[in-house]
Every structure is written in structure tokens, then in C-alpha cells.
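Common to both upcoming complexes is subunit A, partnered first by subunit B, then by subunit C.
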Partner chain A sequence: MEQFLQAGIIGVSLGAQYALLALGFTLIFGILGVVNFSHGGFYMLGGYVAFACVEHLGLPYPLAVLAAILVTAALGWVFELLLIERLVDDHLATLMLTLGLYLVMSTVMLQVFGPLAMDFRFPVTGALRAGPIYAPLENLIVLAICLMAILGLWLVLFRTDLGRGLRALADDRQVAMAQGLRPRILFPAAFALATGLAGLTGALVTPILSLSPGVADPVLATSFLTVILGGLGSLGGAALAAFIVGIVEAYTSVYFGGSIGALVLFVLVLLLLVFRPQGLLGREARGA
Partner chain B sequence: MKIRTTMLVAGLATGVGITAAQAQSCELKIGAMGPMSGGAAQWGLAMYSATELAAAEVNAQGGLKMGAKTCKVVVVPYDSKYTADAAAAGSNALAAQDIKLIVGPVGSPEATGIKPVAARNEQLAWNASYAKNALETKYPLMFHIAPGPSAWADAVIKKAKTVFPMKSVVLIAPNDQGGTDIASVDAEAYKANGVTATEEYYQRGTTNFAPIVTRVLALKPDVVDTASSPPGDAGVIVKQLRLAGFTGAIGRLGGPGTDEIVRVSGGLDVLQNFYWFETVATADPKVQEIDALYKKLLGKDPVGGTAMWADLPAARMTLKAVSMAGTDDAKAVAVALRAMPVEDPNMGKGYWTGKKAFGIAQELHFPFGIGIIKDGKNLGVERQEAHRD
Partner chain C sequence: MTPLIPRARFLLGGAEIAAILVFAAAFAVPTMTRSVLVYSVMNQALVGVVAAQSVWIMLRMNLLSFASPAFMAIGGYTVAIAGQHDITDAFVLTAAAFLLPALVAVPLGALVLRLKGTYFVLVTFVLSQIMQLLLFETPGLTGGSNGISGIPPVTFLGTELATNKQVVLFACGIALLATIITACLTRYFRQHFAAIEENEILAESLGLVVWRYKALGFVVAAGIAGLAGYSLVTMLLTAHPSSFESGTAVDFIAYTIVGGRASILGPVVGTASLVYATNLFGTHGQYAQGLYGALILVVVLALRGGVVGTVASLVRRIR
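And then the complex of A and B:
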């Protein structure tokens, strides 16, 4: 029973982190139709920006997290405006562009910070304990921030003109443009929102786990897996799938070991692709 | 008179310049291969730093004598990413530059990947993996930088038991050859010393080990051993074990990387009780001189920690063998290497081993060390002598 409860706590914690990553990934696909291969890179960049702010500028950690969000969002905005925007309807070109950006980002981080893991620590340590059950304080803080960020994103998308505009472009770009919505303003905004979320996640999670140029690869794989499970482009699906992935990963790893845990996730996605190719909450085809 | 002196000086300077140019009339490229990014980057960068130092040493003496020529040695690094396919691709990429000698790769998957391709390319390579088939008689151009756990695990466990009494251990390692080949040998060594051993494997690329830590702690082990997990992974495992309340000792019967494990886990206060196999006798002042030598010759600090020290003899002996053979042809260099005594200016004397484990005596065996951290204090590394097969 203790193990069961502990696995549940770990699963929810993992799910919240995956949700933040997957929401950004699916936001870009849902609105722009771009599969963003640089998403893991923005996670890594968020970690390094926060680390540099704390270590070299002496900023308090919360300000460093804010700086990470702003830098990754600004870079995403510029990248979309200058490069993606020109080729936004060419799926292969945007795929190569985002992959190229990721390679540039990881190489720059490798050159600037070196290949080894940084000594980057979360400012709060310790755990809430109830007998053998424990919940690390850092994970609880990250969980709370993740839930607030998810709520904030929902409010932006469903309670603001910006969100209505973005959703309209995602539903049917031609009709939205005919009604006066301007992709040249809204697309970079969507990209910045998504990369800012990735930067936030990187700034929060890398001091808990580790920060090195290699951290981006597994993040991209997990984001991909989650959004496919949830349905490419579906925000609700991504959030739901993220928690499913986190909980399945936790329970299978705890009860069957680390190798089986990874296998079960991929089998789950495989089965879903066979029986429900559009994902849990996805539509059969993008409207845009 | 003044003009004549100036002309003489200029003439001498030109002469010196010509002599230096003649001294390094050719260029010998050698490869340095290993993971230079990701969780095991420290090991690949160690390989690169060691090869750089060996090259800088001969270049500082005017170059490497190869037959009638004296060549400048240039090191070409290749990031083999701890994967078989990247190591195989690396062999081809280096062959395309006419490189016949490779110091590296590091991991078992890399060793598996490079062996057939390097044999086809007629390249000599030195792998540092602890794979059960690190050397094979069918690949006579493959050499081995240091022995695997079958040569030293027993000594480390015996020493660890005197400091940290233990009856059970869980070994955590990646679920590929880089993990299973080492953890399974370690487990046998623990069992031979009366310690119950359980192996736990994870998918390489795992970033959050909390579920695996929960599973491990359910077994209530006295000790957890991170075996051959990359140092970055091992640091996270240690951090999450301590956060989960594990107070037992943590062992490391695998590749080097204690510095990085300490850093990633959160410091000695978090690590608390730790024992590890050290690839070289790091307390030896002669061994410690290597970093200063590197800085003197290359003007920067080496990367790779003690792994760099362990890789250095292979790079030095390879260059010496090139001189003896008078060529960089891999087969001729291999013949020269086999005839050389195992000796290094910093490591001292060692032995050619590997006949017993692999059927081919192409493995360097130098004195090694056993490190202990107790109650958050580093007690240092105890020297262990090398032994013949």
C-alpha cells in the first residue's frame, strides 16, 4: 500500500511536468501546424538561463525563473517571426528549421557551459513525510506552479481576445483571416507562449534533476509521446495524456522496473494509434 | 659590425625556422573517441584530454619520429555518444581522414559498434569499456585501456565491507550492454562475498529516477550500487535516494566520475557514505602531476577527472609504438605495442593482461585505487597493486 501511494505521488508530480511541456508542444502544432523539434531545446535553454542568472548574476531563484521565461519566449517569438513565418505551411521545411534551431541551441550551450552537469540546486529542499510516504517539497512547489501555469494558459486561451484569436486561427485560418485576424502578430505570440512554457519547465525542473546539454533529448521524446497520446493539437488531450503518462510511468516502473515502464508507455501509444489514431481528445484532422 | 651581427642573427633565426619546419615536415592525425555530450560526457572528454596531452608532449619535443620523418601529432576528436551506431560511424569518419589509430571509444555499446568497422578500416583502437567481450581474438587490432570488474570488484567489495557492513545490495544500471555486462559481474562478486545482490535496470535516457528509487527501497537494501550508470545519472540517483530517506552506503563498482556524482547529488553532505573503484591510484603524487603537466603544455585545465589519467598511458604508448614501428600502419603499430613493456612515466609499471578473460593479452593493467567517503568526509583513495593474469 505504501508503494502504491508513493507511486501515485510520483506519477502526479511527473504528470504536471509533462503537462507543461506537452501543452507548449501541442499549442504550436494546434495553431501553426508546426511540429516543433526545438521544444526540448527551449526546456534546456530555460534551465541554463536560470542557472546563469543565479550563478553569475546573483539573482534570487524566482527572478531567475522569470528571466528564463522571458528569454525563451523572446527567442521563440523572434525565431517564429524571422524564420518559421516565411515557411509556415511547408511542414518539412518547418520541421528542419526547428530541428536546426535545436542543434544550434545545444551546440551553443555545449560551447558556453561545457558538457558536464551544472551544480544547480533548487533553493528549497526536504520532504513532507508520513511514515514511509514522502513528497519532496521541491516537487510540490513545481506541481503548484505547473497547475497555476496550466490554469493561466487556459484563461489566456479561453478568456481573452488573444486566446480567441489563436483558437480561431487553429480552427480555420482562412475564415479567421477573412475576419481580420492577423497571423503575423498572433503566430509569433503563440510560439512565444509555448517556448516560454518550455523555458519555465526547464528552469523549474533542471535544478531538481540535472542540467547538461543532453537533457533536451528525453524531453522532446516525452513531449512527442504525450501529445500523440492526447491528440496532436488538443490542449485538453495533452494535459490529460501528460498525467496518464506520468502515472503509468510511475506505476509500471515501481512495480515492473525501469525497462518495462518505458516499454509499457510505447505499447500504450502504439495501441492507441491503431485503435484511435486521432489520440484521446484529438480531432481526425486539423482544421487549419 | 652591427649590420653583420644583425644579418647573422637573422640568418640563424631563419635557420632555426627552417629546422623547426623540417622537424615537423609531416602531420600525423590520431582519433580520440568517446561520448562528449550527454550523461557520460566526462568519460569521452577524458579520452580527448588524455590524447591531447600525449600529442602535446611529443610535439613539445619537436614532433614524433616516424621513420625518416618527424611529424606533428594532431588529435581529431569524435563524439560517439555512448552508442554503437555513433562509434561505427566515427570509425568511418576518422578513416575518411586517413586516421588509422584511435584512442577510444569508452562504453560497451560503443566498443561493440566500432569493433567490426574498425577491423574493416584496418584501424587500431583502444576501448575502455567493461564489456564481457571488450576484446576478442578475431579483432587483433583492438586494445583495452583497463580491466573490467572481474579484475577489481572483489577487492573493492572486501574493502567496502570493512567500512560499511552489508548483507544486501541493489545494483542500478542502464538496461543495455553498458549496464548489464558490468552490473551482472559486480553482482556475482557481491554474492561471492556473502552479500545478497539484486540487479535493477533502467532505460538509458531516463531523467527522473524517483519510481526506480521507490522500487529499490522496497527491497530494503543495506547498500545501493550505481555500477556503470553514467556519472550524471548516478548523481541524480543518489540525490533521489537520499531525498527518499535512504541512509545506507552507496557504492560504485563501475566507471569513474566521483567528482561529477558529488556535484550532481548536491555535495558530500548529501552523498554521506560512498565507496568506489578508482581506475588509477589517485593518491600517488606522480599521478597527480598529470593535471599540471596538461596545463603547462596546453594552457588550460584538462576535462575528465581521474578518467583522463587512466586513459593517458594508452595514448602515450600508441605514439611510442608509432615511432618504434616507423609508420602509423595499424598492424605494424599493434606489433610494436605488443612488444613494449607496460610502463608509464606517471602510472609506473603495469602488466599486459586479458589472456585469461578474453584469450588475448592486449589489456593494460596498472595499479588502481579504492575510494571511501564516510559521514560526508572524503577519506581518500587507497592504492591497490596490479597483478598478472
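And then the complex of A and C:
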């Protein structure tokens, strides 16, 4: 029973991390129609920026996390404004652009930090015990910050003019533009918001898991898995699917081990993609 | 009844003939040098170009596929498992490496070709991930994380292809075969594929049975990828999951996009130049991905036709 509860705690914690990543990924697709292959790259960059701030600049960890958010958001903003914007209606071209950016980013990280994993540790250690059950403090802190970030994103999207503008563009770009909304300002903002979220997740999670140039690929695969399950472009679906993926992953790794859980998830997602491309909560399949 | 779209008058055009001649000429290279470096670069390029042709076939219909490593794995592991059972005949293995992935692609195609655009990209990415996990989870068949090693060399008309030179010549043969198949398919159905690429809905409304050509392209592309896997396993004498990681699809896509997607010469030129450039880095080969990324950015932003398309338009302008 203790094992079951502990796996549940880890699953929820994983789910919150995946939700932050998936929300950013699905935000970009929902608003711009761009499949962001560099999303895992921004996660990795967030981790490296936080690491560099702590290790080389001697900044406290919370400030390093803030720096990671700012750097990844700024890069996302510039990338959208200078490159994606030119071809924003060509899905294949924007996909290739984000793929190209990812390859360049991972090579730059490899060049600067080398191929080995960094010794980057979460500043808080220890565990919270409640009878026979214990939960690592670092996971609980990350869970709390992720939940706060998800709440913050919800407030931005549903309680501010910026959010209303972004959602209007996602609903119907032509009508939104006719109403005076300016994609040239809002698209880079959406991209920056999403990449900033990926940077935040990277800065929070890489000290717990690992930080090396290879961390981006699994993150990208998990983001794909989650947003497809939830429905590309659906924020609620992405959050729900993230917790499903996190919990399934935690339980299957505890009770079955190996990669059976991942295999089952991928096959389920494949079938879902084929028979219900709009995912669990998606409204319609853009271009499917 | 008159066909909706007339068949190409000539089976092969200038680009197709040029591509075939390139690989026919490649047979001469191993006879002119004994350099291990040249053999190694040629092997990489010959495997890469076959895989890139698989990507290119799908791109002819505006479908970007990340599934090539999955079908390469089926072709490669088929040969490895056959080798374990002392089946080494080149003709039997070639047929198996093409047909098995193609057969697997029939039901898969029926499922995934319902999707297009972004969703097709995602589903093929997921397919590659599933294949990678399957390789790890079926140690009884595929050797799991250890893969299958110690595969006996292929025999061609009773001769064992054991030397470096013989292996390169064999890779040339596979690349030539893949190029002929790709050239015949894409030339014969050139207008059908072009109609699907241009506007699938319009093509369908004009009576073109789109699913038939997409399914045909998907199945043949899977077979071609299987041949690439065969060539790779024959070169390494090992089938290992790391050889078929989903990330390798990015390389083949880069070869095709950088070379140019409008002509069969695109993947040929793209593969040759990128593999050569990668080897120029020497010991810094791990930075090749950055080069690929930068070139993809340049091509997508500035040279939409890739190397071949840009050269062709320059030639047209000069004329």
C-alpha cells in the first residue's frame, strides 16, 4: 500500500512537470499552428542557463531559475519574430525551422558544456515523512512550483487581455485580426510564453534528473505523447493527459519495470492519433 | 477509359538517369582506392542516400515521415535474424529486406495515411519510438539492448563478401537498386504524386484515388528504408537498437531537404555533401548535427529548392 501511494506521489509530480511542458507545446500549436520540435531544446537550455548561473555566476538557485525563464523566453521571442513569422502559415516549413533550431541549440550546448552530464543538484534535499510514506522534498517543491505556474498560466490566458487575444487568435485568426488583434505582437508573445515555460521546467527538473545534451529528446517525445493524448491545441486536454502520462509512467515503472509502460502509452497514443486525432479534449484536428 | 492523368511518356527522365549513373559510376571508386577512410565515407553515404530516398518518396506527396528508422530496423533485423539461421544469400536477403518492411507498411499505412500534415509527422515519429521500445522489449528475437552481433557476411553467387572493398561494392549495388526502384515509382506516378502534393483535396475531387497512390508510396518507401537497414547491418555485421534510433530520421530528412525535394538528385546531392562535410569535421563529428540544423534553417528560409533546386533555377536564369 505504501508503495502504491508513493508511486502515486511520484506520478503526480511527474504529471505536473509534463503539464508545464505540454502546455507550452500545445499553446504554440493552438495559436500559431506550429509543431515546435525545439521544445525539448528549450527545456535543456533552461537547465544549462540555471546551472551556469549557479555554478559560474554564484547566483542563488531561485534567481538562476528566473534567469532561465527570461533567457528561454527571450530566445523564443526572437526566434518567432525573426524566423517563424516569415513562414507562419506553412506548417512543414515552420516544423523544419524549429527542428533546425533544435539541432543548432543542442550542438551549441555540446560545444559549451561538453557531452557529459553536469553535476547540478537541487539545493534542497531530504524527505517529508507521514508514517510509512515519504516523499522527497525536492519533488514536492517542484510539484508546488509547477502547480503555481499552471495556475499562473491559466490566469494569464483566461483573466488578462493578452490571454483573451491569444485565445481569440487560436479560435479564428481572420476574425481576431479583423477585430484589431495584432499577430505580429501576440505570436512572439505566445512563443516566448511557451519557451519560458519549457525553460522553467528545465531549470526545475534537470537538477533532480540529469543535465546533458541528450536530455532534450525524451522530453520532446513525452511532450508529443502528452499533447497528442490531450488533443493538439487543447490546454485542458494537455494538463489532463500530462497527469495521466505521469501516473501511468510511475505505476508501470514500479510494478513492471523497463519500458513496458512507455511502450503501452505510445501504442495507445498511436491508436488514438489514428482514430481520434483531436485527442481526449481537442475540438477539431487542424489539418488532419 | 482514358486515364485521368496520362502516364509519363518516358519511364525515366534526365534526373533519374543521372542519379542511376551516379551509383553505377560509384562501383568504380572501390577499384581505384584502398583507403579505409574513403570506404567508410562511401558506406555512410550509400546507407544514408537509400534512407533519404525513402524520405523523399513521401515528400513527393508533401508527407514528412520520421518512420524511416523503424522500417530500417525491420529490414536490418530481418537480415540479422536470417544470418543467425545461416541464410546469407544476397538475393534472398535483399528480397526479404525489401518485402518484409513493405508488408508491415501495408496495415500500418491503412492506419496512418488517414492523417496528413502535422498529424502524419507526429504519428511517424511515434512509430519510430514504438519500434525502438519494441527492440528493447523483445530480447528473445532481437537481442534486446545487446542487439544481434556476429552476423555472417552476405554471400553473392557463392562468394562471401568479407573484405571492406566487397562490402562497399555491395552497398553500391543496394543503392543502385533502391535508386532504380525509387526512380521508376516516382517517374511513373510523377503527375499523380505532384497532384497530391499540390492540392490533395482538389486531386481527389477530380477523381484521383489519392489513398491508392499514398499507400503505394508508403509501402515502397518502407521497402527502400528496409534496404537501407540491410546495407547498414551488412556493413556493421551487427544489428543494434542504437543504429535505428528515431533521431537518425532527422539526418535523412536533412539530407533530403538540404539537397532539394523537387528532384531525385536532391537526396543524392544532399547526402553526399552532408556526409562529406561531416567527415571534414574529423574528430569533431559530434557537431555535425549543428551543421545540419544551420543548413536546414538556410534552406527553409532562403533556398527553398535546396542545392539541386537552386542550381537548376540558376541554370534556367543563365539560359
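Definition applied: the second predicted complex is superposed on the first by the 278 of 288 C-alpha atoms of A that agree within 3 Å, B and C clash if a C-alpha of one lies under 4 Å from a C-alpha of the other, contacts with A are read in each partner's own complex, and residues count from 1 in each chain.
Assume a contact is a pair of C-beta atoms (placed from the backbone, for glycine too) under 8 Å apart; a residue touches a chain by one contact, two chains touch by 3 or more.
Predicted model, so just to flag it, every value in this text is computed and none were measured.
Undergrad: Are subunit B and subunit C a fit on subunit A, or do they clash, once the structures share the same frame?
TA: Superposition check on subunit A flags a clash between subunit B and subunit C.
Undergrad: If you stack the two complexes on chain A, which partner ends up touching A:Ala144: first (subunit B), second (subunit C), both, or neither?
TA: neither
Undergrad: Identify the partner contact of A:Leu128: answer first if only subunit B is touched, second if only subunit C is, both if each is, neither if none is.
TA: A:Leu128: touches no partner chain.
Undergrad: A:Phe224 in the overlay: touching subunit B, subunit C, both, or neither? Say first, second, both or neither.
TA: A:Phe224: touches subunit C, not subunit B.
Undergrad: Between subunit B (first) and subunit C (second), which does A:Ser210 come into contact with in this model arrangement: first, second, both, or neither?
TA: First partner only, subunit B.
Undergrad: With the two complexes superposed on chain A, say which partner A:Ala262 touches: subunit B (first), subunit C (second), both, or neither.
TA: After superposition on chain A, A:Ala262 lies in contact with both partners, subunit B and subunit C.
Undergrad: Is A:Pro136 touching anything from subunit B or subunit C once the two structures are fitted on A? First, second, both or neither.
TA: first
Undergrad: Please work out whether A:Leu101 is in contact with subunit B alone, subunit C alone, both, or neither, and reply first, second, both or neither.
TA: Only subunit C is touched by A:Leu101; subunit B is not.
Undergrad: Applying the touch criterion given at the start, work out whether A:Gln111 contacts subunit B, subunit C, both or neither, answering first, second, both or neither.
TA: Touch status of A:Gln111: second partner only.
Undergrad: Run through 2-10, 20-28, 38-46 or 92-100 for subunit C and report the one that clashes with subunit B in the overlay.
TA: 38-46
Undergrad: Can you list the residues of subunit A that touch subunit B in one structure and subunit C in the other?
TA: 106, 110, 115, 217, 221, 258-259, 262
Undergrad: Going by the contact rule at the top, pick out the subunit C residues touching subunit A in the complex.
TA: 62, 64, 111-112, 114-119, 121-123, 125-127, 129-130, 133-134, 136-137, 246-247, 250, 253-254, 257, 286-287, 289-297, 300-301
Undergrad: Touching subunit B in the complex: which residues of subunit A?
TA: For this pair, the touching residues of subunit A are 3, 6-7, 10, 13-14, 106, 110, 114-117, 119, 121, 125, 127, 129, 132, 134, 136, 209-210, 212-215, 217-219, 221, 249-251, 253-255, 257-259, 261-262.
Undergrad: So in the complex, the part of subunit B that touches subunit A is made up of which residues?
TA: 36-39, 41-42, 45, 175, 200-203, 205-208, 210-212, 214-215, 218, 231-232, 235-236, 243-245, 260, 263-264, 266, 303
Undergrad: Using the touch definition up top, name the residues of subunit A that touch subunit C in the complex.
TA: Within the complex, subunit A contacts subunit C at residues 29, 33, 35, 83, 86-87, 91-93, 95-97, 99-108, 110-111, 115, 217, 221, 224-225, 228, 232, 258-260, 262-263, 266-267, 269-270, 273-274, 277, 285-288.
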